[in-house]
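You will see two complexes here that share chain A, one where it goes with chain B and one where it goes with chain C.
== the complex of A and B ==
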């Protein structure tokens, strides 16, 4: 019975995830795209919970759906009508090629997964309740993965400085 | 583990990655290209977390956390570039933005 409930939740979350993903790509107005992406991130957080990644699900909602998407919406509001992007025409050949390439990529991924899935992925490892908890992840971050942790902090610092440099108006521009 | 096996999550991640790749290749607005990139990064994250569950090891989840940090940095830089483009009255179209000089 519990297994059936998990299947129902998985199906709802996966359908919401794929549906909002298609919506992000197909809306002409970036505002609706950004709102769909919030739905996408929220349904992904549900999938993370089903995979017993509690801390990452919380981080996903806080970091992505919270701060990153708010930043997006601020920029969209700043750009106003200029941000609108209908499906511009372009050379039809280029467009067809892009569709063919993406479909090939997709089929390839699904086939590879299907092959690997046959024998290796049948029974997942048994995990305890501590799997995916903030304490367990935090301990790994400051022991085994300390270097990755420090590099991430430097990457974020560089991005913050870069954002300030890109956003600063120079004297010459301001007078124009 | 009752409920769907890890393979089902991997298939969702593959479909999501394909959707994001289509968006990056087909759309011309830099904003929607950035949003589609987020979808691709999240599909990769879902794969990492699914395999972490499969192998019962938390390393995949730590890596997914690092990917989240890098994605946040990428969005900050990308949005800064878009704002700089808009301020210089450049068209917001990735096909026309072909020169690095401002």
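== the complex of A and C ==
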């Protein structure tokens, strides 16, 4: 019963993930694209839950679906997305990048399928009781991944300082 | 202890309905208290002492026409109020209100869902709550509603940071994100309100702004914006928005009781286990009264004052409080 429920939830979340992912790139109205992206992030959070990464799921909803996407919607609602013309394709560089990304994804899928058929994915990962708990993640962040953690915090600080700089110069120009 | 799934379902049903009932009578209490503070009587026609007023209000809202403005984006316009009400209600699933009981051989826990990430979940759900307001304001296709939702959004985003930072002191002292363990850490000792007084004050101010209550009720400043993001809503859809605002206030007060005021524990002593919920409700009532009191006392801020206060006063104080607590927790 529990196994069946997990399958049902996995299937629903995975289908929602793919569906909203396609919706993000196919809506002409950016407001709907942003809403689909929120749906996508939420269904990803459900998949995290199934992988017993509760903290990651909650953090994903809090940071991405909650704060980041609010800013997206804020800007889109302000600029008024309704009358916008649909995106008519980008420069050739973008198209090349899209093709490269699609090929990389295809290779990944082929490799995973090959591994699955070769029975190399049949051993499920070991999940201990503390796996995915806030304490375990916190310990990993300040031991194994300390460098990445600190670099990320500097990158975010740079972004914050940049925001302040942009905001203040505009104010000065306005008063001059 | 293992909790049967049907116990959780029944508990969730009971808790949701109790919260709704609290909301209904909170509206009456607010009108009564405000009236007495302004030397008026307040609602006193429906039933004895006006006690049936919330029910009369509900019936009125249910009987109103459920109209949709022609220019509105239908589905999103309908989704907005539900999203707001849902996110407001969900918070209560992780708030502990008692020690847990053995009823007829079945273990009934004192919380609907005991998670070790409860506090992160509360903030995650709270941040989703903003979508109800954005969707409602945008989908109404009205300038008042759009401006109101923009203000709500900017206010929520600004004050959410201070709110989250103000509880970090409590998390550091208790060493856990689980709300049941935070309550347990306050048993038989000082409540976190004493060592975390700064955190409590920041939490209350940021919480007032989060719930858009006076003096931070700019999103629905009548003189400028008519009614803010729900200008184009009527009937029970408006009712759902109104409900979500009040339930937000209740859940925020419940969170404050849990984090800073010892949860369901009595002051210094614990009676039999059934007194837990009574202490919890008593503390909740005091906090709710405080919020109503503030509404009748304080005038509304100007928008630039609100933003300046949030970013230049509240946020630094919250950061400082978190940093000082962190240093003290490590050194002591």
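Basically, the second predicted complex is superposed on the first by the 129 of 176 C-alpha atoms of A that agree within 3 Å, B and C clash if a C-alpha of one lies under 4 Å from a C-alpha of the other, contacts with A are read in each partner's own complex, and residues count from 1 in each chain.
Here is the rule we go by: a contact is a pair of C-beta atoms (placed from the backbone, for glycine too) under 8 Å apart; a residue touches a chain by one contact, two chains touch by 3 or more.
It should be emphasised that the depicted structure is a prediction, and the values quoted were computed from it without experimental measurement.
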Could you tell me if A:62 is touching chain B, chain C, both of them or neither one (first, second, both, neither)? second
Which of the two partners, first being chain B and second being chain C, lies in contact with A:38: first, second, both, or neither? second
Of the two partner chains, chain B (first) and chain C (second), which one does A:148 touch, if any: first, second, both, or neither? first
On chain A, which partner's contacts cover more residues, chain B's or chain C's? B
Just checking: does A:136 make contact with chain B only, chain C only, both, or neither of them? Give me first, second, both or neither. first
By the touch definition at the top of the document, which applies to A:71: first (chain B), second (chain C), both, or neither? both
Interface residues of chain A shared by chain B and chain C, listed 55, 59, 67, 71, 78
Chain B contact footprint on chain A (complex, rising order): 2-3, 5-7, 9-10, 14, 17-18, 21-22, 24-25, 27, 30, 33-34, 37, 40-41, 44, 47-48, 50-53, 55-56, 59-60, 63-64, 67-68, 71-72, 75-76, 78-79, 82-85, 87-88, 90, 95, 98-99, 101-103, 105-106, 109-110, 113, 117, 121-122, 124-127, 131-132, 136-137, 140-141, 144-145, 148-149, 152, 155-156, 158-160, 162-163, 165-167, 169, 173
Residues of chain A touching chain C in the complex: 31, 35, 38, 54-55, 58-59, 61-62, 65-67, 70-71, 73-74, 77-78, 133-134
Give the list of chain B residues in touch with chain A in this complex. 1-12, 14-23, 25-29, 31-32, 34-36, 38-39, 42, 45-46, 49-50, 52-59, 61-66, 68-77, 79-84, 86-88, 92-93, 95
Chain A contact footprint on chain C (complex, rising order): 76, 115-117, 120-121, 123-128, 130-131, 134, 137-138, 146, 149-150, 153-154, 156-157, 160, 176-177
